[in-house]
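This is the structure I want to talk about, given as structure tokens.
Letters A, B, C, D, E, F and G mark the chains in the order given here, with residues in each chain numbered from 1 onward.
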């Protein structure tokens, strides 16, 4: 099967669904499920559109990397869709477009096509966030996203002016063979980095995240913090490893941005007293960490970092937003003792949290240890120190949160979680634990991805 | 008949743009036909069997008059604009004049003609009253104004849009 | 039985305990007794397989990642036996306490999980495995502490433990970068004497300090031990805290070459830094002793008091290990044993009291000796040992440590060590007086009764051992000599009944006999002489009114008020420091939030411009 | 030569129109000058077509003219609603 | 033919100039509209016809543009005039104001 | 020249985004920024003396000097995307106005 | 003051960017772009798949991409996938506007000012010309500048004119929806047909004809007309949403 169907079919469904508004959400669930299912039958390789070969035409690339990315994003998307399809019927068609956009982002091997899909996915995201009923926050997201993608486009055009191509692989090899120093590309790459930095929630370009995630609902929270975060992470990773050349001043700037994001993200989470704020600031730090790991070249582990994070944020935001809706607000004080009568939910929440912190027996531990090990081996002693120190802070606020949610005597909050939700979060938690203990497949696949570089296989 | 009118307007527009060529004529006709079916009742273009005659009158009687008036009006404007002391040429105001023309399109043409001729600018039409901004009001009564401003067009247009 | 099988048993029985515990709380707790006793016995069996100079090492079964290896060494076994024993003893208390917990089944499970972690830490030659179990203990311990209904204590525990763990991890990775392997022995040997070695020492010392609750990483210890469930307190103090001691041994003994500090300081090699670091460690250890003592003196809560005593004793261990040498090592290792036994016994005794009275506050207790004489005896023996008075184990270890300090000529540290000893006289007897002696309080009079047999049993075993370690220390010192030999040092010269130190020969048995005779005489006098009249609380009237003042009922109240006044202003220096640190983090987080996270796109745009400008600056 | 004359005449016209656009003072004044400017631009585009001998520019002129007209209408409709807002 | 073309084009240019000048010099909005509309309309007509002389095959297209302008320009102007009347203070040199009947000062209009 | 103008417009857009607190004006700023960007894209493809990349009966072979057609194509796409974003921004602005009764961000208070 | 600082800031930034680009050895100066070193040279030569030699307007047949307008060849053929994406952007925007502004029952926005007579009548007269211009532009996208997007925009403009010129006017939204859905669906289906029959999504399966003919360039005019319809209906929908409000 051609991977292009992953984009075409949701689009087709979206175009048709506006005539059948009442059934749009069913179409959505069906299509997103079909996407996950169909991934098993996709042929790996480079797909040309319209019959024009790279670097002239637009190509899509389905390799191990994008396949994993597609599996993760589509599965998470499906889960979010099925859990929310009844509550948010209105955005069914928009969600279909979002699915097409995300799949396009993950598949495309063309820098300008990436911009187009960034906008498709972005606009769908702005719209999905309007279900928060906070139009000002959505507006802010829209403006910042547009500024970001405009900067990306400007950087891209500068690169085109210099190297005359839009294809990622061709661009990378043109730059490598051009004989110019990295100084030539620093400015365009910085622009593109910032462009993605906005979407990837890196400080200081992420002021939209608070308005969106701190007011999120059951749809927007998991959608933005989990599905979109994963997709953007994967795409950013592809650019970072295969296209960008980060050296000299640019490297200094990027390092400052990343250190700032990690440190400030954890500090902000620490200083927060609302559950969703804690989660969202933690996401900021995690997103920066993903970028760091990609930049360090540990693709496989960056992928697992994304996976672990996305799965965790899905569970955390689902549970938090379900509870918030029923309790009225998300102050930790209100949430106190939430798990006393919701032990299953509580265990799942705890498991994924411990995984995010990186405690043993969970997937997060395996990922973190391997990242640190690889960093040390490559002679990097600074980032591990930063990661470990901020991990302590991260651990403290998450543990504080967990203990608050588990231990309270009287006046327990009354929250009902529906069966499907329980089912989903428990499965994710169990998977995180299973792969935290049975680490061999994780280790192997991550090592494979480290060895794998997609530039060489531009035409797989 | 409004279908014919609509079709003609669309088709002529298309051909004016695309040029005369077999493929274009064919495609233009098809497209115009389709759009005519969809749009005819919205646009209200009307036409009758006397159209060719009216067209001739319009072209050979009205247009020369109009162009002449247009040139005159521009010369008048030039005189004002180029004079060192503009204010003395001005005696502006809004006047109301009456028209006998019936039909929206007739009134529109009249109004546009008034706009493009010396010293006058139609602002709105209400029923049979045309409201006009005048650079230099000469007449004292509405009838005087009408004579000054619109009478010559009305005669011709009365024939065209009968 | 192999180590990984034992670990599996511990984990499996933990899960079993959980499910049994869901059905019946008490039954779940019984599972912990059976399992931890079994594991202790199995570990004891390992003694048979180990001979001086030979250790056995093996890869674990295939389903695990291939770097997972276990190894039984004298050092590991020494710690493993001690800690599993404490776990086994404390487990007898579990059935009597689970009722009080919010999640009793969870308690049983995590208890055994912690035990599994202990085995993993001590019985491996692989740093990654060690770290894994280190962290495993952290998060199982983490959920045990708040069962005592205090989240703050658990969070402090987590914060410091994790900081320690991560320091350990960083050290592990430094060694890994040098050797390409996680082998513990290889790693330590490789970096020893190099610049990396100094970093590793500092990091490992940090980890040890964090686990031991030593100054300046001491804030969590009193909180956690003071607020954790009673039984768990004993495990933490007697057992888990010793993880820190283990790391300290790795850092101060295995990593740094064994020898007297003063002797090797001459040559300015890389190793000099190591020794300088050891001085720092010794100094901090001494400060730990002093601070722990001063804090213990002013506590009202008996558990907290003992917690500070634990902290202070951790200081002794650090001082001893950092001094190195035969005396230092023997003293340190022996003190580990002595303190483990004594503090477990003391905490269990307090726990037994708290079980019937519901409090551990000295101001709310009194006269328990009448209802709980056996518990009183156990507590008495434990604190005698803690204070380092013959004929208990604590005396032997302190004697060795004193000798080592004096031998090294470290005057200030010697002063601190002596101060700690005198201070412990001052504070350990306060709970004795406050809890067990004095007036029986009306609110506890009816409920209080002696603990049941299965609680007394472990307490009695422990006090027996405390006495035994004081009377017949050579049996233990013999094993410690093996440990020291394995570490590459020389053990103590042991006669049948004598210990040869630098400044003389100690004859513990003789001393014990003298004390035994003294006690016997005192007991006979107590029996023979006329009983003192017991005066009830309500018998004291003045002008027909009962005079109620706290002082009347508690002569232990404000015991050392004049002394406290000397330092009360300065004593919270570490607590304040961490409080300020936390506030700084919070302030920083709030500031960033305030500046960046508003619905104002211009902030984002501004920073984008700044960053672009920064990049382009160089091209102007 | 002739081209230069025509273009400079038109250029002056544009200059005047734009001056009024900048001076105002009322929004209506600005819209009027913008409208004038647009019609001049149509002529300029047509002149370019003549200059380059390329009829494609006429298409552009038509589209520009249409858009300019609609723009004027939009502004006019907008201004109508702005009571006394000058 | 070419000469005719250039004459027309120059005249067109002149009217454009006149339009610009009118816009600039006229003292109030309505007079500016008047000057601008008339001059530019005629300017566009002559200019386009001039171009048509040069390229006869373009005549249909040019004619379409002329027709469009002939309609669009006055319509736009009248709409603007109405808008200006309703939104702004009237110039103080008005000698007569019949429109006040229609718009009731500033209030609603017909249709 | 065109390139400088493009960069100037980009900067003007950024200036607007930095200073404007009215959401409509912010949308306008974004649009100015995008126009500048689009101009820049086109400028990148400009070739001195190049003609529009369209074959006609007058310019009838591919050996002529054309400007780079690809940036023009990209601009078409970028423009349409900009239109979509702007429409959405305006719709959000209308929603915001309904909720707060103002377009000024400073008058809305924190969400 | 804030404004002044901001002004200085962007001034400095702009200056820096200009200097940086001037100093950048890889970035071509304005007007000196080297098209032959760019991928677009292959689009001009239509030589992505094979080299057709010299291309003469009105003569060359069966090129890999048929439009005489090379920009159109790129937009609707070489990079047609981008265009599908951009159509999607517009689609989702119009959905979004409807989501944000659409209430239950809709009626025209009630304004207290009305268009004047000339505008009301005149716009109907002009409507035909504008509409036809849009159609013409969309149909001739492969021959002249323009194409589906400008064409669609013109179509929508003609609708906008009617909306502006008549307070009562409302187009049939249901019809827009149908058109929008039909055009989008057809576009994707054409792409899928290419995939099914030719092996590539959006492959041009029809005869490309003689370059410069109206009936040439295979599916491109069809695609462009679909785009024109889709864009026209979408923008019209957006306009309608902005000019309507909740009410009976």
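Methods note: contacts are C-beta pairs under 8 Å (C-beta built on N, C-alpha and C of every residue); 3 or more make two chains touch, one makes a residue touch a chain.
Note that the structure is a prediction, hence the values are computed from the model and not measured.
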{"item": "Least step count from chain D to chain G, where 1 means the two chains touch", "value": "1"}
{"item": "Which of D-F and B-G has more C-beta pairs touching across its chains", "value": "B-G"}
{"item": "Centroid comparison with chain E (C-alpha atoms), farthest chain", "value": "C"}
{"item": "Chain centre separation in whole Å, for chain E relative to chain A (CA means)", "value": "57"}
{"item": "Distance between chain centroids, defined by C-alpha means - chain B, chain C (Å)", "value": "102"}
{"item": "Gap in Å, rounded to a whole number, between the CA centres of chain E and chain B", "value": "13"}
{"item": "Separation of chain C from chain F, taking each centre as the mean of its C-alpha atoms, in whole Å", "value": "68"}
{"item": "For chain A, residues that touch 2 or more chains besides their own", "value": "112, 116, 119, 123, 126-127, 130, 135-137, 139, 143, 147, 158, 160-161, 166, 187, 211"}
{"item": "Shared interface positions of chain C, touching two or more other chains", "value": "598-601, 605-606, 609, 612, 616, 619"}
{"item": "Residues within chain G bordering two or more other chains", "value": "9-10, 13, 17, 20-21, 28, 33, 38-40, 43, 79, 82, 85-86, 89, 92-93, 96, 100, 112-113, 115-119, 122-123, 125-126, 129, 133, 140, 144-145"}
{"item": "In contact (per the touch rule at the top): chain pairs", "value": "A-C, A-F, A-G, B-E, B-G, C-F, C-G, D-E, D-F, D-G, E-G, F-G"}
{"item": "Residues of chain E defined as touching chain B within the complex", "value": "15, 18, 21-22, 25-28, 30-31, 33-35, 37-39, 41-42, 45, 57, 60-61, 63-64, 70-71, 73-75, 77-78, 81-82, 85, 91, 93-102, 109-111"}
{"item": "Chain E to chain G touching residues, read off their complex", "value": "64, 67-68, 71-72, 74-75, 78-79, 82, 86, 108-111"}
{"item": "Chain A-facing residues of chain F, complex", "value": "10, 17, 23, 26-27, 30, 33-34, 37, 40-41, 44, 70-71, 74, 77-78, 81, 84-85, 88-89, 92-93, 95-96, 99-100, 105, 108, 111"}
{"item": "Parts of chain G lying in touch with chain B, wherever the complex brings them together", "value": "116-118, 121-122, 124-125, 127-129, 131-133, 135-136, 139-140, 162, 213-215"}
{"item": "For the chain C and chain A complex, residues of the former touching the latter", "value": "63, 65, 102-103, 128, 132-133, 135-136, 138-139, 142-143, 146, 149, 151, 154-155, 158-159, 162-163, 166, 169-170, 173-174, 176-177, 180, 585-590, 592-593, 596-601, 603-605, 607-608, 611-612, 614-616, 618-619"}
